[in-house]
Amino acid sequence: MNWFRFASPASFYPLAGRLAPWFGGAAALFAAAGLYIGLVAAPTDATQGDAYRIIFVHVAAAWMSMFIYLVMAFWCAVSLMFNARLAAMMAQALAPTGALFTALALVTGALWGKPTWGTYWAWDARMTSELILLFLYLGYMALRQAIDEPRRADRASAVLALVGAINVPIIYFSVKWWNTLHQGASVSLTSAPTMAAMMLTGMLLMALAAWFYSIAIALTRVRAIILERERHAGWVGEAALAARGAR
Amino acid sequence: MLESKQLAAQRGAATLFSGIDFRLAPGDALLVTGANGSGKTTLLRIAAGLSHATQGTLSWRGLAVAPLDAELRAAVTYIGHAAALKDELTAEENLASQTSLHAGSADSGAIARALGLWSLDRQRALPARALSMGQRRRIGLARLALVPRPLWILDEPAAALDAAGLSLLCGMIVAHLAQGGMAIIATHQDIGLSGPSVRGLALS
Amino acid sequence: MTAAQAAPRPLPAPGAWRGVAWAVRRDLRLALRSKAELGVQLLFYVIVATLVPLGVGPDSVLLRALGPGVLWVAALLASLLALPRLFAMDFADGTLEQMTLSPYPLPALISGKIAAHWLATGLPLVAVSPLLGLQFGLGGDELVVLALGLLLGTPTLSLIGAVGAALTLGLRNGALLALLVLPLYVPVLIFGAGAVDAVRTGLGAGAELSLLGAGLLGALVGAPLAAAAAARIAID
């Protein structure tokens, strides 16, 4: 099967429409299972009580925030190397979801911190790196927004995403350095309670749920982006007429 | 030697032009005409290798070229709307800077002669901000004499030139074509070029 | 008048270093002819550094603790302020597109521009920083490490900033450049200020300064390439 056939927005549009609901359904199932484990089945922690349960959301969100950035950077690289519009649209579709998960990781991290260690924000290495990652996402989205010409926006934001991707490990390393230098040997604020196997399963399920949700949402969003950017192409008019006729 | 097939350009949602075919052999000139906003500048920039075309191909000497192709760059002198002059540098310094950028070095004698050719002797040591539009345009065109390239791509070269400047420009282009050079010129005024090797392309 | 020929003469081998030299010479000459702009940027650095004590009070112990961080953050901001002038004028008057058409490799020309830009805007910050450090009560060792760190760090800031400046060419929003570039500045800030702290606690700043040096080398290789790609995108 010639997969490159789907590299054109016109042929990817219906494919994305067919796939999205399946991923959405899978996400819902995994989320249900993960939340059941996280909220009901897993035992109350000895030291942290029930407050620790938020890590089921927090860890999944943090993982996804980093993973999505890598996927976004990958599509940006593809769009530059092959001058491919659809790859750039995919990156454009992923960015808001990545930013959302980053924000979610930050908020859940703060909510976890307050009852556990008494402070919403403790400037630890991982949370500070997450915050900077959020700035990188917002920068990407802001640059796209600021450039009117779509192809220039594609290419410029792709360069930015790649520069960011290269810098993320450097930034993380430097923030870790900064944190150890100033915190010394004090308690690591990101230590999770010792992992029971069930808790790990729960977190994995939530991570899978987040992953499938991201795919479903990105496919749906890219359909909207395709329609907006290709609105002058013939097939869009036909699809709109067909949709109206079908109703 | 420069050939385009089905060239199309889109800027944002608007299609500027499509289906442009042309062929330039040594000695040919292409006069691109059209109303404001018809895409003349875009077409010239694509031909110079500065911009991507949305569709179609451009070939130089039979080989397809992508934007900023090294072979094409080595063969083109592009003089756009913007004169590429720095206000703080003198006419002489500006010309020397541009020449050394494209030709690797700038012989001060040749620069003085080029400025003389365009009647800018007395303005040599004046900063560019003190010069008129026509004089700035002349400095830009003086580069044509100093950097020998086969393909000249000129965007509205006659803008702000007086009659003397216009006839000098026309003479230079004719001589260039006679020696096997090529030219693509966007203009909305008659610059006095005519002949069998001069073809028109009207963009709408 | 030399005439065009049907077969073009082979170009002079355009060594990248000659391209760098062309850009450095031209940009330094331009900078020297508009000295007033540069003075303003240096003054900004001094003023920001002075604002902090006005904000937190003259407690010398507190100021001494804050000093390195404040001076580095102020240097970052001053660096950011100077960035737009790196490409903006060349973009507006058409010189940048002539540079992309030149036989010299564009990254080489851009490296030259960045070098000239740093000499005009970054080096003065390095020179002035020991004086400002005295205002914050920093000791001799600390002042040396502060200046050394800035010497290694400010070129890196110029290099990284050039990528941001090239990406945002012609855009109206000035704050966008800050949003794009400041997260990328974080490692330089951490190691630069960290170096002074390390010297203060007696650990020695070797590690931090080495990392700053490594960062500079990395930026020297990568940033001109990324900035050239971004400039071509802006010109397209």
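By written order: A, B and C. Residues from 1 in each chain.
Here is the rule we use: a contact is a pair of C-beta atoms (placed from the backbone, for glycine too) under 8 Å apart; a residue touches a chain by one contact, two chains touch by 3 or more.
Since the model is a prediction, treat every value here as computed from it, not as a measurement.
Asker: Select the chain at the greatest separation from subunit B, using centres from the mean of Cα atoms.
Answerer: A
Asker: State the pair of chains with the top count of C-beta pairs in contact.
Answerer: Going pair by pair, the biggest contact count turns up for B-C.
Asker: Of all the chains, which has the CA centre nearest the overall CA centre?
Answerer: Chain closest to the assembly's C-alpha mean: C.
Asker: Could you put a whole-Å number on the gap between the CA centroids of subunit B and subunit C?
Answerer: That pair's centroid distance is 35 Å.
Asker: Rounded to the nearest whole Å, what is the centre-to-centre distance of subunit A and subunit B, using the mean of the C-alpha atoms as each centre?
Answerer: 48
Asker: Report the inter-centroid distance (CA atoms only) between subunit A and subunit C in whole Å.
Answerer: About 32 Å, centre to centre.
Asker: Please list all residues of subunit A that touch 2 or more other chains.
Answerer: In subunit A, the residues touching two or more other chains are 151.
Asker: Can you list every residue of subunit B that touches 2 or more other chains, as numbers and ranges?
Answerer: Subunit B, residues with two or more chain partners: 52.
Asker: Note the residues in subunit C that touch 2 or more other chains, in rising order.
Answerer: Within subunit C, residues 236 contact more than one other chain.
Asker: Using the touch definition from the top, list the residues of subunit A that touch subunit C in their complex.
Answerer: 132, 135-136, 138-139, 142-143, 146-147, 151-152, 155-156, 159-160, 162-164, 166-167, 170-171, 173-175, 177-178, 181
Asker: Inside the complex, what are the residues of subunit A that reach subunit B?
Answerer: Against subunit B, the touching part of subunit A is residues 83, 148-151, 231-232.
Asker: Within their complex, state which residues of subunit B touch subunit A.
Answerer: Its residues touching subunit A are 11-13, 15, 52.
Asker: What does subunit B use to touch subunit C in their complex?
Answerer: Residue positions touching the partner: 26, 48-52, 67-68, 73-76, 78, 80-86, 88-89, 93, 97-98, 100-105, 110, 113-114, 117, 145-146, 148-150, 152, 172, 175-176, 179-181.
Asker: Per the contact definition, I'd like the list of subunit C residues that touch subunit B in the complex.
Answerer: 1-9, 11-12, 14, 18, 22, 26, 29-30, 33-34, 89, 92-95, 97-104, 232, 235-236
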